[in-house]
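I've put the structures underneath this note.
Consider the two complexes below, in which subunit A is the common component and subunit B and subunit C are the respective partners.
Moving on to the complex of A and B:
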C-alpha cells in the first residue's frame, strides 16, 4: 500500500501519550504530595498519603472489592461457560443473532437496570403486587453483600459469554472428531481438547468481568444501600472531596491490579483474538 | 467388590463385561447434563432480560410507584419531553454520543490505515497504548482525564462540560473502531491499491474508492460498538463533565441519590430498547438475505 499513509498514525501516538501516559505519570507524582485540589501554591512533599493504605476502611473496601468481584467472576464463569458451550453445540449457527441477544440488554442504561434490580429486591415490590402475593414479612436482599454479587453478575455476564463463545467457535471441529475416533469418550474429549482450547476465552472473560466488578462504584452504591463499601466508592469520595493525592494513590492500586490482569491475558491469548 | 461373572452358553467360559472392555454407559449422565444445560440457558436468559422487563412494567404503570401496580397506561411516554431536566440530559446524551461516534469512526479509520502502513516497531507501540483505554478500569480512565483537563483549566477556564465530555468519549471509543478496522485491512489484496495507483488514480482518491469499500463492514461494526459504549457510559462521563452538563447516566445517578426518579425515564429506556431490537432484527434479516444471495 501507499507508504505516505503511515503519517496518519503519528497524531494518534501523540494523543495516546497525552491522554493515557502523562496522566498516569502525573498520578504517580501526586501520591507524594499534599495539597488542596490541584493548587500548586501550597504544595508539600509528604509520605503520609501511604498511611491511608493501612486504614481499616480502605482495607475493608479492598477486601470487599476483591471478594465480591471474585465471587461474581466464578459465578459468571460457570453460567457463561455452560451457556456458551450450549450455544456452540446447538446447531444454531447464526452468530449475529446470538450477539444481538447478548448485546441488546447493554443498550438499556446500566444504572436504570441496577435500580430496577434494587427495587425488586425489596420485600414489597412490583412482582408481588402484580401477582397479588402476600408480601412476606422477611426483609429483602437489598443492602446485603449477596445483592451486590447478583447485581454484578446480572450486569457483566455477557462479557463472559462472548469471549468464551468466540474461543469455542475457533476450535477446529475436526480436532474433536479426531479425539473421538481415537477412542476417547465424549467427556474426556471435552476435558482434554475442548476445555484447554477454550481456556483463553475464560481468561479474557474473567478479566473483563473481574476488573469492572472490582473497580465500579455505582452498583455497590445502589444495591448496597451504603452498607457495602468497595474501593471504587472510596476513590470516588476522595475525588469528590478534592483530595486528589489519596484518590490517586488508591487509583494506582487498581492500576497495578489491571496491569497484572493484562499480563495474564497476554500470556494466554497472544493475538488478543478473544478480546473483541 | 464382588464381580458379576457371565458364563458363555457356548464355550462355558467367562465373558468379559462391556465395562471391562472400557465401555461406560453415559446415557443417563448425558441426559442430566443436558437438562442442567437447558436450565442454565433459561436462567441466563432471565438474568439478561429480567431488568428490562421490570423497567418496561414500570414504564406502563399508572401509579408511578415501583412497589404497586395500578393500571396500564402510556402516559409516561408522553411525559419524557415534559420533564425539563430529563429531556435536556437525553438531548445531551445524543449530541455527545453521536458526535463522538462520528469523530472516532472517521479518525479511527484513518488511524487504522496509518497504523497498518507503519513499520512494525511503531505499530507495536501504538497497539500497546491503544489497549490502555480499552482495558483500563473506567474509574482510572475518568480520573486520569479529569486530572489532565484540570491542568488545562488555567488556559481554558470553561473547558469542563461539553468539550471535555466529547474528548473523553472520543478517547475511549477510538480503540474500538481501530480494532475493528485493522483486521479488515489485512484481508485486502495488497495489489489492489497498487493497481489503482498504476491506473493513474491519486492516492487520496484511491483511499476512498478502493480501501474504504473493502473495509466497510469493519468500519460499521466499529461505529456500532463505539456508539453503544458512548451512549451507555457513566463512570468516565461522571468524572469528566462539569458546569451542569449532564448526560442521561449522570442525571439518573443524581436522581437515584435524591430518590426522585420519574417513571418517564423508564419509558425512554423502553423506547431505546425497542428501537434497538427493531434495528438489530432488521440488520439480522438483511444479513441472512445477503448470505442466501451469496449461496445462489
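Moving on to the complex of A and C:
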C-alpha cells in the first residue's frame, strides 16, 4: 500500500529534481564564474559578480520590490480580512460556492488578466468609450505606481482570503459566546478573541502574497510600462542578455529571502493548518 | 418566603418549525441549586441559553431581579456560564483566561466592582495622590490578585502560566469555573460541565460544586441528563421532556412521588404497572388488591402504579401476595439485583439476600411504598 504511493510520487520527484533542484544548484555555482553566455571555454572563477549587489540599479529595484510587495500585502490584509470575516459571519448556505467565485479570476491566465487590466488603465479604454468621455482629457493610471499596486492586489488577494477564512472557520463559535458571557461587548470580543485566533491565517496569507509580489516581474512590466523596475525585472533582463552569472546571483538572493520568510511562518504556524 | 431571582413566564422558543421549549413557567430563588434534568433534546440547553442571553425567546418574558431582560445582551446580564466543553481561550494562558472577564471592563466598572473607597484609599496610601493613571494601575494589580485568589479557590496554584491545551479535562473545568466566578455573578449557569469527566472525578466535583454554591451564596442553575448527579447536588430539580416541564420539586419528592411514567422511568429504576384505583385507599394491580395511601382519583379510574426495586419485600411464599419466578440475580455490591417474572411481566427487585435462580419467591409491598400516578392521555 505504502509502496504504491511512493511509486506515484516518482514523477513528481523527477520533476522537482530535474527542473528545480538541479538548476538551482547550477545557478549557485554560476555565481562564482565569469563567462560569456554559457560558453564554458573562457570560464574564469571570480567574485566580481557580487559587486552587482551594491549597484544602485539593483538596490532601487530591490527597494521597489519590497515597497510594492509590502504595500500590496497590507492592502490585501485589510481587504482580505474584511471579505473573509463577512463570509464567515454570513448565513450563506453554500460558502464554498462564494469562495470559488472569489478565486474564479485565478482560472484565467495571469498575463491575459494583467493585460486586460492594463488596457482599462489606458486613457482610452472601454469605460471611457462606453461613457463617451473624451479620452484626451483623461489621465490613465498605466505606468504609475498605483497601477502596479492595483495589479498585485487584484492578482494575489485570493491567496489572502483563503487562509484567513480557514483560520476563522477553525475558531470554535462557543469561544465568542464565552467572551460575551464574560461581559465583553461584541466589538471588544472581535479584538480579544477572533482577531488573535485568526492571526495565523493573516501570517500565512501575508507570506503567500508578499513573496510572489516581491519576486514577480510580469505585473510591474505590463502595468508599470517600464517606469517601475522591480528585482524580478532586473533578473529577467540579465538572463535575457545572457548574463547568467549575475542573473543567478540575484535569483539566489531572492531565494534566500523567501526561505527565511517561510521559516518565519513555520514558527508561527507549526501544524500548517491554515495553508489549504 | 425566599426571594425570586429569575422568573420565566410562558417562555416559548421554536427553531424553524421544531418547538424546543413550550410555554415554560419557572421561578428560581436566590441562593438555590436548581438542576434542569432531561434527556438530550428536551429543551434544557435552550432554556439555559435563553437565561444567558444567547437565544431570544419567541414569546414570554425572562425576568431577572424584577427586570424583563429579554432584549438585554449577554454581556450585560448578571449571569456567567460554565460551558459544556469549557470554551477556554486557547490563545491565552490559565491566569489570563481567568481574568478575562475583568481585563475587558472599563475602569468605572472596576472601581464599583472592587469598591470605590477602598481603591481610592489604597491609591492614596501608595502614591499620596489620586490620578486616573494611578487608579488604573492599582485596578490592574487588583485584577491580578483576584485572579490568583480564584486560581487558589479551584486548587490550581502554580498553573497560572500553563497553556490551556496542556491541561487535563478536570483542570480545564476548574479554570472554566474560576473564570466564571471571578466576575461575582448572581447566577452561575452550568451546561453539563461534567459530561467529559470520568466517574471518580465527577463525584468529587459534585461535592465541590455543592460546597462552593453554599459558600458563595450564588444561584446555580445546573443542566444534566444524569439523574444521580441531579439528586446529589440539587435543592430542587426540574424534569423536562419535549420542551415541557414535567415535574418540579425536591430530589426526594421527585424520586418518591414521580408525577408520571416519564419521570418515574427517568429518575431511578422503577416497576410500573397498570392498575385500577378502587377508592378507600385501595388499588388493584397484578390481580391483587393492595392497600395504599389516599389519592384524589375517581373510583375505578385507571392508574399507573410505581414500585421502586428496593421497596419490594421478599417473603416466604405462604405469606406473599405476589409470586414470581426468578430469572436472574446479580450481586451489585450492597444488594442483589433480582429479575423475576410474573407471567410475562418482568420485575426488578433489590434484595440484601441472594435467591436461587429458577425458584419461586413471594413478594409483598408496604402500603406507603406504593405510588400511584395519573395515566396520561398520550400514552
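Criterion: the second predicted complex is superposed on the first by the 247 of 276 C-alpha atoms of A that agree within 3 Å, B and C clash if a C-alpha of one lies under 4 Å from a C-alpha of the other, contacts with A are read in each partner's own complex, and residues count from 1 in each chain.
Simple rule for what comes next: contacts are C-beta pairs under 8 Å (C-beta built on N, C-alpha and C of every residue); 3 or more make two chains touch, one makes a residue touch a chain.
Just so it is clear, the structure is predicted and the values come from calculations on it, not from any experiment.
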### Task
Go through the superposed model and pick first if A:262 touches only subunit B, second if only subunit C, both, or neither.
first
### Query
Who touches more of subunit A, subunit B or subunit C?
B
### Message
One more residue to check, A:192. First (subunit B), second (subunit C), both or neither?
### Response
second
### Message
Per the contact definition in the header, classify A:53: touching subunit B only (first), subunit C only (second), both, or neither.
### Response
neither
### Task
Would you check which partner chain A:107 touches, where first means subunit B only, second means subunit C only, and both and neither mean what they say?
first
### Query
Is A:172 touching the first partner subunit B, the second partner subunit C, both, or neither of them?
second
### Query
Between subunit B (first) and subunit C (second), which, if any, makes contact with A:10: first, second, both or neither?
first
### Message
With both complexes overlaid on chain A, does A:146 touch subunit B (first), subunit C (second), both or neither?
### Response
neither
### Task
List the residues of subunit A that touch subunit B in one complex and subunit C in the other.
185-186
### Message
For the complex, give me every residue of subunit A touching subunit C.
### Response
172, 174-175, 177-186, 188, 192-193, 196-197
### Summary
The residues of subunit B that touch subunit A in their complex are 24, 26, 30, 36-38, 40-41, 43-44, 47-52, 54-55, 57-58, 61, 66-69, 107, 110-111, 113-119, 122-123, 125-126, 129-140, 143-148, 150-151, 153, 167, 171, 174, 176, 179-180, 190, 193-194, 197, 203, 206-207, 211, 225, 228, 231-232, 234-235, 239, 248-249, 252-253, 256, 261, 265-266, 269, 272-273, 276-277, 280-281, 283-284, 287-288
### Query
If you look only at subunit C, which of its residues touch subunit A in the complex?
52-54, 73-76, 79-81, 83, 85, 87-91, 100-101, 104-105, 179-180, 183
## Note on the structure
Seen from subunit A, its contact residues with subunit B in the complex are 1-13, 15-24, 26-27, 30, 38, 79-80, 82-83, 85-87, 94, 96-97, 100-117, 119-120, 122, 124-126, 129-130, 153-154, 157-158, 161, 185-187, 207, 211-212, 214-218, 222, 232, 235-236, 239, 244, 247-248, 251, 254-255, 258, 261-262, 265, 272, 275-276
